[in-house]
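Structures follow.
In the two complexes that follow, subunit A is the common piece, with subunit B as its partner first and subunit C second.
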Partner chain A sequence: MIEVHNLTTGYGKNTALWNIDFSIPLPSFIGIIGPNGSGKSTLLKTMLGERKPLTGHITLFGQPIAQLKNRLAYVPQLNSVDWNFPVQVLDVVLMGRFKTNSWGPFYSKEDKEKAKEYLNAVGMLDFQKRQIGELSGGQRQRVFLARALAREADVLLLDEPLAGVDAASGERILNVLSHYQQQGHSIIMVHHDLLTAASLFDHLILLQTRLVAAGPTPKVFNLENLQTAYGTDVSILSDLINKLGQSPNTLTNASSQ
Partner chain B sequence: MISEQAIWIVAGCMFAALTLSIAGIPAYLRRDALIGDALSHSIFPGVVLSVWLFGAGNSVALYITGTGMGAMALLLIHYIQQKTIIPKDGAIGIILIVFFSAGLLMMGQLQRSGIPLWGVQHVLLGKAATILPSDVAFLIGLFSLSAALFFVFQKWIWLQAFDPKFAQLSGIPLRPYSIAISLWTAFVLTATVHILGAILSAAMLLTPSAIGHFIRPKPSSFIRIALLSCLISAIGAGFVSATLPAMSTGALMVIMLFGIAAPIFLFYPKKGIAMKSWARQQESNRWKEENALKFMFNSPSSILPIEHHKAAKRCSKMGLAVEAEPLHWNLTPEGKTKAERIVRKHRLWETYLHQQLSISKDRVHENAEWIEHMLDDEFEDRIAAELKHPKLDPHASPIPPKNA
Partner chain C sequence: MSLLIVLTALMFMVQAALGGSILVLRRSVMLTDAMAHSVLPGLVIGYLISGSRSGPEVLLFAGISSFLAAFLIEKLSQFGGVWFEVSTGFVFTSLFAFGILLVTALGGNIDLDPDCILYGELLYVPFRYSTSGTWYDLLPIPMWNQIWVGLAWIWFALSKWKQLKCWAFDEDFSRATQIPVAGLRRWTLGLTSMTIVVGFDAFGAILVLGFFILPASTAWLLAKKWGSMLSIAAIQGFLSVGIGYAMAFQFDLEPGPCMVCVSGLLFGIVAVVQHIRNPKSGFRPTH
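Up next, the complex of A and B:
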């Protein structure tokens, strides 16, 4: 269970979030959706402990989230690191195995095996000796995903992992994520593509600075909620909802979960 | 003969420089290079203060006041950054100059009051000639400690510098880690100050890392090359200092390091700035030569247009073409083979564009003018095979066979 109580945050460069309050059972595949500037990334950063709330708090499995950092893994946006950094692909994935309580200058044999295993899972094992700057955007994102998987955490947080990623990499990433979820882990993912949101996630958090709705996808993903969140884009949204309603693969699929 | 003192001087320079280079790696990786400059300037008043209050020979007092001043400068930089809109580099620039000026004023006061000035003038520019065996022993200890710390914490250093947020999530506390690294840098700068000088030692923090990064973007070789380049310049500077004691050791070392860095940045194979521009020139020449050969092949009895003259002369040196009479050029058998290959690539590509990509006949030529220079043997064969070895291009011109 992830519970967000009365959360208000967002100052400085971050968009605001007002009085967010919801709880979602875990394990789940949770999508954070909403228009630009609605506070999606702010919510994710607050969950990671990177932003401090002004009021309220977040608990995970009944404990304050700050105490559970080793049960979280995350995939940042691609532009958050320097890609000329002197490090090879395998080194990046090994960073996912870092633990402050395991002393010693080198990663263990087991760590290396795990790192290779996850690198293989995202289809990047052949690139393990490459300098990270040599990779394409989609390949970089897959390496980041492998690093997050290598933490073997309970909850994986991702900030728009499909942004700026080629179609093949995007598909690979989604495959790995659904496999990860099937193993009983949870995923919380900021997502901007409404077309795929309903079919991808079993739970949704719909934001518009405040919380519009949160819960199982069929309950959240309806015209009324989307109208509230996206305001003036109503005509597009109603057309979209119609389209999604006709597709056998979206709403019905999500509601069966 | 090399005197005993010269050996001490060289050894002192080596271990001082190595210690600084190792301390500089985390800062370089964190893109926090200016902090080194800020620290080297701000420990200066600390060093003067120590001589003023505790006399010249008191090393412990020196380390405390030097590191303390460095820490104070860092705190002020951080404070300005937090409380004002002045960005970090602005804050560093201001604090660096303020501390340095304070140091200069204190030094002036010291000189007027007649307190013996051991070291203070060397503190600015460094002078290894006065080094004692005990100093060398201390520097070896300092180096060993630096190397051991770096070795043990290498995972931390790389993770934190690459992705601070991920490091935080993995349990590395950001603020204490930054403070620890900065304090260690301040301490190392203070401890090596009488050899390299306050201002110049900052260069030894960063330049070796920059050289290592430039040559080898992989972690282990990055470190090796950084330390090697630093070692060479330290040994060189040490020997010059021993023979010419009036020279500033710090300045010598910086210039020698730059003497290593500059040719590398310019001439390192494939990466050097000059090498890259030379490779571009070679490539451009090859295109022009290929175009000249192609012209001679396609229009054997015509006058060679002016734009091909230079390239034709290079071709004649390579034995590919001869100027039979003024402005009339003939291909040698070798040149003919080469020209046929280029024409073959050109026409193959035109055929490929027309047949496989349905691009109309009149629009394939320009693209082929470019691609003909780019196709290697492997692509040439693949395209030919895919097109089932055509005899004619879309304009019905014959495609020369490969082994003509």
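Up next, the complex of A and C:
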């Protein structure tokens, strides 16, 4: 269970969030959706404990989030780092194996094997010796995902992992995520694409700096809620809902190309 | 004589290569410049208390005042909503100006003139020994200072290798991974201020910055791994010291500026060669 109580944030460059309050059972595959600037990333970063809330708190499995950092793994946005950084693919994945008590420059044999295993899972093992700047956007995202998986955490938090990613990488990422979910883990993911949101997630959090709705996808993803969040013309949204109702699969495929 | 000067400079390069690489990659290397100038008030206060130019009090107060500058700059830009460059600009200029005022106000009775603050006194290194009657008298004091700070840097870089690499690459992920980001930054800045204090003596306020930026930037053009970045930076520093000192000796010039010029020249050569090899991708082999 993830519970967010009366959460309000608003500090520096971050979008403010007002009085967010919901709880969602875990394990589940949760999507955070909403228009640009609605506070999706801010909510994710507050869940990670990177941003301190002004009021309210978040608990995970009944415990405050600060005590659970070793059970969380984070996939940041691609543009949050400098890809010219002198580091190779395998080194990046090994960062996921960092333990608080580890000392000195070397990783254990086990850590290296695990890192390679997860690099293989995202289909990037052949690139392990490449400098990260040589990779494409989709490949970079897969490396970030492998690094998060290498944490072997219970909850994976991703910030728009499909943004700027080619179709093949996108498909690979979704496959890995669904495999991860089948192992009984939870995923919380910021997502910008309404077309795929309904079919991807079993729970949705719909934001517009306030909480519009949160809960099981069928209850959240309806015309009224989407209109509240996006304020778009009713006809466009109802079109969207109709199309999704008729053939969600064709739409999913179309949007990932 | 020459050997002692070169050794002192070499030991300084190890520190500057490690600190410079971290700060260049974290994109806050100009902090070094600010910290180097902010040393001055601490230097004068330390001098007033101890009555000597190279006592431990001087190093202590100078270190405190440069660390304080870095701390103030960061806090002002974090909480004051001031741009980082702006807060850097006004913190260090104020502190430097205050230091100059102290020096000139105390003018007559203090053996500290603005010249040696700006240029350093590398050539006087071999003449400043302690007189304690122990093994500490075997090497000049500035050299001992370089050794202690150099060892502290090496210990820091080796023991915190993984954390430093992760933090320098991806601060958000590091925080989410329980890497003590604030502690790493404080240690980096603390050691940087010690390096500046011991380097200040030899090279002066402005040249110190050159040694932080040039070797690390050259390494950044060439390196594909964290370890090679640090080692290339150190090697570039060593070459600059060697060639620069030979040049100074040959043409009877100041060694410090010669070393920085050579370092800048090496950076230029590497940048041009890289650009010719990869005309499409600027100075670096990748994107």
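Operating definition for what follows: the second predicted complex is superposed on the first by the 242 of 257 C-alpha atoms of A that agree within 3 Å, B and C clash if a C-alpha of one lies under 4 Å from a C-alpha of the other, contacts with A are read in each partner's own complex, and residues count from 1 in each chain.
What we mean here is this: contacts are C-beta pairs under 8 Å (C-beta built on N, C-alpha and C of every residue); 3 or more make two chains touch, one makes a residue touch a chain.
This is a predicted model, so every value here is computed, not measured.
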Clash or fit, subunit B versus subunit C on superposed subunit A: clash
Subunit B versus subunit C as contact partner of A:81, first or second or both or neither: both
First (subunit B), second (subunit C), both or neither touched by A:133: both
Touched partner set for A:54, first subunit B, second subunit C, both or neither: neither
First, second, both or neither for A:72, with subunit B first and subunit C second: both
Touching partner for A:195 - first (subunit B), second (subunit C), both, neither: neither
Contacts of A:168 with subunit B and subunit C, given as first, second, both or neither: neither
A:92 touches, of subunit B and subunit C: first, second, both or neither? both
Which of subunit B and subunit C A:100 touches, first, second, both or neither: both
Common interface positions of subunit A, toward subunit B and toward subunit C: 48-50, 69-70, 72-74, 76, 80-82, 84-88, 91-92, 95, 98, 100, 103-105, 107, 131, 133, 147, 151
Residues on subunit B engaged by subunit A in the complex (per definition of touch): 29, 31, 151-156, 158-159, 161-163, 165-172, 212-213, 216-219, 222
Contact footprint of subunit A on subunit C as seen in their complex: 25, 27, 81, 158-159, 161-163, 165-166, 168-170, 172-173, 175-179, 219-220, 223-229, 284-287
Sites on subunit A touched by subunit B in the complex: 48-50, 69-70, 72-74, 76, 80-82, 84-88, 91-92, 95, 98-101, 103-107, 131, 133, 147, 151
Contacting residues of subunit A [partner subunit C, same complex]: 12, 45, 48-50, 69-70, 72-74, 76, 80-88, 91-92, 94-96, 98, 100, 102-105, 107, 131, 133-134, 147, 151, 157
